[in-house]
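The same chain A turns up in both complexes below, where it pairs with chain B and then with chain C.
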Partner chain A sequence: MQLAETTPDRTVRLGAQGVTRRFGPVLANDAIDFRALRGTVHAIVGGNGAGKSTLMRILQGVDRPDSGVILLDGAPAIFAGPADAFARGVGMVHQEFMLAPGLTLLENLVLAAEPVDGFGRIDRTAALAKARALEALAGVSLDWDTPVENAPVHVRQIVEILRLLYRGADVLILDEPTAVLAPAQVRELIALLRKLRDEGRTILFISHKLDEVLAVADEITVIRNGRVVASLPRSSASRDSLAEMMIGEVLARPQPRAAAAGAPMLQVTGLSARDLRGHAALTKFDLTVRAGEIVGIAGVAGNGQDEIVAAATGLGRIDAGSIRLDGIEIAGLTLAQRRSLGLAYLSPDRAAEGLCLAAPIAENAIAGHHRKPELCSHGVLRRKAIARHVAALLDRYSVKRASDRQPAGSLSGGNQQRVAVARELDGEPKLLVACQPTRGVDIRGIDFIHRCLIDYRDRGGAVLLVSEELEELVTLSDRIVVVYGGRITGEVARGTAGLEEIGRLMLGGKAA
Partner chain B sequence: MIDNIIHAAVVMTTPVLLAALGGLINRVGGIVNIGLDSMMLAGALFGLIVASMTGSWPVALLAAAAAGGVVGLAMSLAVTRLQANEIIVGLGFLVAVAGLVRFFLSAAYGSSGTLSLPDVARLPRIDIPLVADIPVLGAILSGHDPLTWAAWAMVPVTVWFLARTRLGLRLRAVGAAPQAARALGLNPLMLRDLSTVYAGIMSGLAGASLSIGVVGIFNEGITAGRGFIALAAFYFGRNRPWATAACALLFGFFDAFQIRMQGRGVPAELVQTLPYLMVIVVLTAVALAGRRAKARRA
Partner chain C sequence: MSDHAVGTPSFERPAWLGMLEPLGPLVAAFVVAGLVLLAAGHNPLEVYMLLATEAFGSSRRIAATLSAATPLILTGLATAVAFRAGAFNVGVEGCIFVGGLAAAYVGFTFAGLPAALLLPFALVAAVVVGSLWMLVPGLLKARLDVDEVVTTLMLNFIAISLTAWLVNGPLLAPGSANSATPMIAEAARLPKLMPPSTLNAGFLIAIALLGLYALWGNRTALGFETRIAGMNPRFATASGIDVPMLVIKMMLLSGAIGGLAGGIHALGNVGRFVAGFSPGYGFTGIAVALLGRGSALGIFLAALLFGALANAGATIQFFSDVPIEIVDILQGTVMVFAVAQLGRLIVRRRKAA
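Up next is the complex of A and B:
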């Protein structure tokens, strides 16, 4: 571990000094200070709404601080925009990837700095040679002629990083880079970042995932409510201490007690379904979820989970099989009919499916319940009743908001998810299908949502939980069903199997 | 008979193909240009006027291209700089240019709707010796004006431009991901303006091919909605130049057929709808067949 104190000759490559940014009454950044030294990985850690995004926008020149300055090579600097920041060696990999669809990986790599001949023709040989050199540097092998939309997510991310290198950036800002990656890919990414650091580049790693921060960072700056609460070297940080600094208190992990399961709420029998490409994804699949029980589904992404969820919610077609909700066959019913029978669904894609980000929070909170007579009479919405209902509902779920009329998209990710959870659990459904319920949510939000799910179960609710976070599955599930290739490879009851055993089953190993 | 129809089909394809290739580039750059027809109209009028004034068809083509380009630039600036909706602006230009043309005709020439000028330099026909005498092939290749040759030459050039050149790559990037392109230091608005001006130039030439190529006079209804057929062509061709050209050819064929059918007892107004109707029918049939083939593969 190399620390600033022991190597005083190291210079600040990128930093902030007293950066303050105010949006109306909200102080998004309050005198933020940090110094990322050349040749280090500097992590900036904070929960949803801590002010990380605002700081990133300022470091990219998209936004300007009200006061304070950016430090570049130790001297104050102002960036006119992302292109200017780029020109000075500071590049960013955004949370939503910024590759242009319709272009190949190679075209995206060289875009805006294409090697050309005298006629404005792209010199493909030169471009490919550079691509191969970068590929070797990253220790990967890519098919550069693949169109972006056909490349897997982690490949796109690597191309974005390589593009920064191609353009000569030596400061790489990565905003929540692991949010879309599987565990093995996270390890690859961390190895790549370490390698780039060892070659003298500076990496700013923005995250709220503490295990990854501890795995990759040299220095850590923790921000909370727009302020820097701590700046410390990796060697003096621990998961618990960081978590405490991040949220300002110690959270005890929920410890749900074992509960007796009741009548079957979801009964799937002989289900066969195909994936979007038309390949068989599930064949004769059986699954039961009882009242008062959380059943987790564990599996590497793409092993049939999506199809189980699509079949249960009615979002996808099935080829054969029966799906019963509290004893009633729902396989042929519409989504609205299923919902009125007591089905609730927490979507993994909050932005596209879970919420309508452009619509007010209040409308999001009643969507799907809007036909109920207490909210709507003869096709006309009852505004006052809705306002009362929504205010009470959102208060119960502690959604931090300025107004119920503000667009859902103006909330932080964690608060958006609370709105979705509040809506789905409103009216006590019989079955909740929860997919990736805490994706992109910070520790405090995760804790809150977990408690909501456990309380719902304790009240007699049935939960089908699909998650890529194994720890989440193990914490919440009364039973975990492991799927591989569209079949069940094992089932483990609470407390009977460790992560290793589940991981083995996820890769197709049979239950012992 | 068949040679006549083939020859006429190639002639009637030219204006649609030119405008469609311009609109294709525009759409790749991120703007759906529904105002192509207005740019065609401006090109048709100014092409004819300059052809009469100068007696030179190349100068007339330059004027037509400039007229279309200016309309394109005005439209583009409204969309890119004033953030106006491209559909509304396109509609506005269709109505406004038609009105201005009518006003200009009556104010400058005292005519209502039609303009016939003396000494109009028509586009020359290029007759290819020997080939002209071969049945079918002669009708396809011989006796066409330079604009027709240019239009078909632009099809592979457009393919090459989009796939292989720096500007083509940047245009695709700007159309598909303007934010990303901007972050890399490109200027999406400028590139979009450029693509709309190009669409205007191509549409202006398309207009000239009607006024000084096909008929030799100007009429306010001369474009007959061909700008919209061009729109259908590059939409259906999914921005692929050859597929777009095929769609333009389809329209050209039925347009030629329609001209032949006139004066054979069927009401002219009905016959004139034939090419438009057939474009809808054929495109629907092809789309249905495509969907069925896809379902069979799955």
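Up next is the complex of A and C:
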């Protein structure tokens, strides 16, 4: 290792040397070293709680290391704050986009650094000219007058990236940038990142999705438990070797077997529904999920999946159609009534809907079950019974925790999701509507949750699985129903179609 | 991902620190008021000693403090109940007026009834009227998502003006020039606990309700649902909790307790309803609920503090040249700091969500 006091190595655009950050007993970053060279894509991979986010916060100036330094152009540096980092060319695209709603894409692009005319008004012509220049640079074409809320997710992401370029950043930090994208859009993003790299910019790509990392990165740094496990060039990395480094052991892929499907648990017929903006999202939609069967819904986000889930759970309105749960018509029932009939719902939005992060784990684990006779008599909670029940449930799902009373928000993402899965599968529901069940969960957690779903299926449970992870759908589903524009464009039984074929159906192609 | 950075520190804080946190606004307020006193040429320590003696110096003074705290316990409780369900009810003041008038009306109209009937009847009238007063804001909030802060605040003005008109016209005591109803029957009076102090059975009712509130909040399914709905309504809905219905119920309960506060004030202290019936008990109740963090013990202590300030403030000017306004300044600063702290809590909760 070279010493920082000697001549700075100017080829290192951004890096870390001995960065250590501790939160109470948790050593989030333990002497992290890495060097992202100018004009490369440097990937940082690791599971949930590996310390990626802490490192990102430090690199962006939001947080400071307890010891160690950031390397900027090879020389030690400490950022005073995000503005300081930005002034030195380091910009970040967050997992949750930071665009201002109510403004157009163009207004968002120039926000906080607007070109103004002599009267202090925003000079729209100048702004648009700069936008066009950036467009050309990135090789994309956007409708700049679209309000942010009407722009698709991948367009918003591109605007986020262009915004950093507009403000003069030449180091782009992208935190899990593909979490919200469809496969085709991921390829576009990767192409864009390569182009920016070839023009001499430096890209830090944070992800736990190994296929994407392998597709885009020049160098890969793997961190686990706050430490750098390895830094290696792309050419010497493979999917299996990275996975092994990330989790410290090799996990066997779950081998689902197709169980014999039983009676229909969910029967949707002639369903019509509108999306939040009032446009028709589903027309005369039919779907059946049987006991002992996992039915996956594949589709690019916004093609009717949300409305199917809303209709099945009762969280949204429908215009017409029948929805039966184990033969009982539930279309007019509330979610509470449906739950008492055997419906379970795993929310895609863990932080806002799937859990109450401010409440103790125990309360998260019983919510919805808290009026069952074994936990509650005459409206009074049976506290001892609840404590016993929760402890047993959380142990069964291996939730790593210091106490059942700690807030759910203090758990890692993977453990949070285990709590949600444990709660939903508690009491053997007849039908589980599972949406993005492993979003933001690390490899080990994904494997565990997949096993839970398959075990539940093998015990005779019915699962409606909505996921943006094609690989997850293919791994788990006995049947995959592909939706496009609110209609079914194809149905694929297990093992009969590859990812390419499903991808083609997702973009509206008819079944072959 | 960011779970270490956001969640862990608040979890790691020792429990005693959390218990001490509400004292922050108090200490800050006393320091600020102390500076004001210094600037005005008084010795802050002497003034605070005098305040403490006036509030707690003898059994009489303690009784007076408890008596002053009684309406504040109830209004604090009324605010806390709605707040727990995520509704910020600032209309408790209005409930005091309509509830107080209802109790007084029953108290002087059905004067022939024995105490065992008349007293409960008058209190129930206050509860029902206070509760109904919150029905419309509750429905508007739950069904149409109309901001309850606006509706309940506006209803205060209607309640105060409506009752003022009633006691100037239809309900004005015969032969009286004041805006007041006739005196209530002796049978409708809440028994005094330590005559001649005004401390009355209303204090016991308030304490009993505090106890029920603690049990309800910690032990019952409804209390659990209310807390969850207040913290994260989307999560509560997805768990099968009917959040709008819960908001309506808690607004009605809040109004009921606010009405009861008015009824107890009418039957225990004033003996009738007069215009300008409440000196802002409902608004002080908001500060009590915030400072008390929604816990039963916290509400009691906060009500005791504001009761002591009000009680001691009334007499302190007899024994010193300290202006009574210093007590108002103290009260105001405690409120400002309590609200500032609440703002911090909300920001933290948003970050966690």
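Brief remarks on what is shown
One rule holds for everything that comes next: the second predicted complex is superposed on the first by the 492 of 512 C-alpha atoms of A that agree within 3 Å, B and C clash if a C-alpha of one lies under 4 Å from a C-alpha of the other, contacts with A are read in each partner's own complex, and residues count from 1 in each chain.
As a convention for this text, contacts are C-beta pairs under 8 Å (C-beta built on N, C-alpha and C of every residue); 3 or more make two chains touch, one makes a residue touch a chain.
Note that this is a predicted model, so its numbers are computed, not measured.
When the shared chain is aligned, chain B comes close enough to touch A:G278, but chain C does not.
Within the superposed three-chain model, A:G102 lies in touch with chain B and out of touch with chain C [touch as defined at top].
When the shared chain is aligned, chain C comes close enough to touch A:P407, but chain B does not. Put simply, more of the residues of chain A are touched by C, taking chain B and chain C as the two choices. When the shared chain is aligned, chain C comes close enough to touch A:G379, but chain B does not. Once chain A of one complex is fitted onto chain A of the other, the partner contacts of A:A112 are limited to chain B, with no touch recorded for chain C.
Chain C makes touch with chain A in their complex at residues 1-12, 219-222, 224-225, 227-228, 231-232, 234-242, 349, 352-353.
Against chain C, the residues of chain A that register as touching in their complex are 23-26, 28, 48-49, 51-54, 57, 63, 95, 175-176, 313, 315, 334-336, 338-340, 345, 347, 349, 351-359, 363, 367-368, 370-371, 376, 379-381, 383, 406-407, 409-413, 416, 440.
For chain B in complex with chain A, the touching residues are 164-167, 169-170, 172-173, 175-177, 179-186, 297-298. Of all the residues in chain A, the ones that touch chain B in their complex are 60, 81-83, 86-87, 92, 98-103, 107-108, 111-114, 116, 119-122, 167, 277-278.
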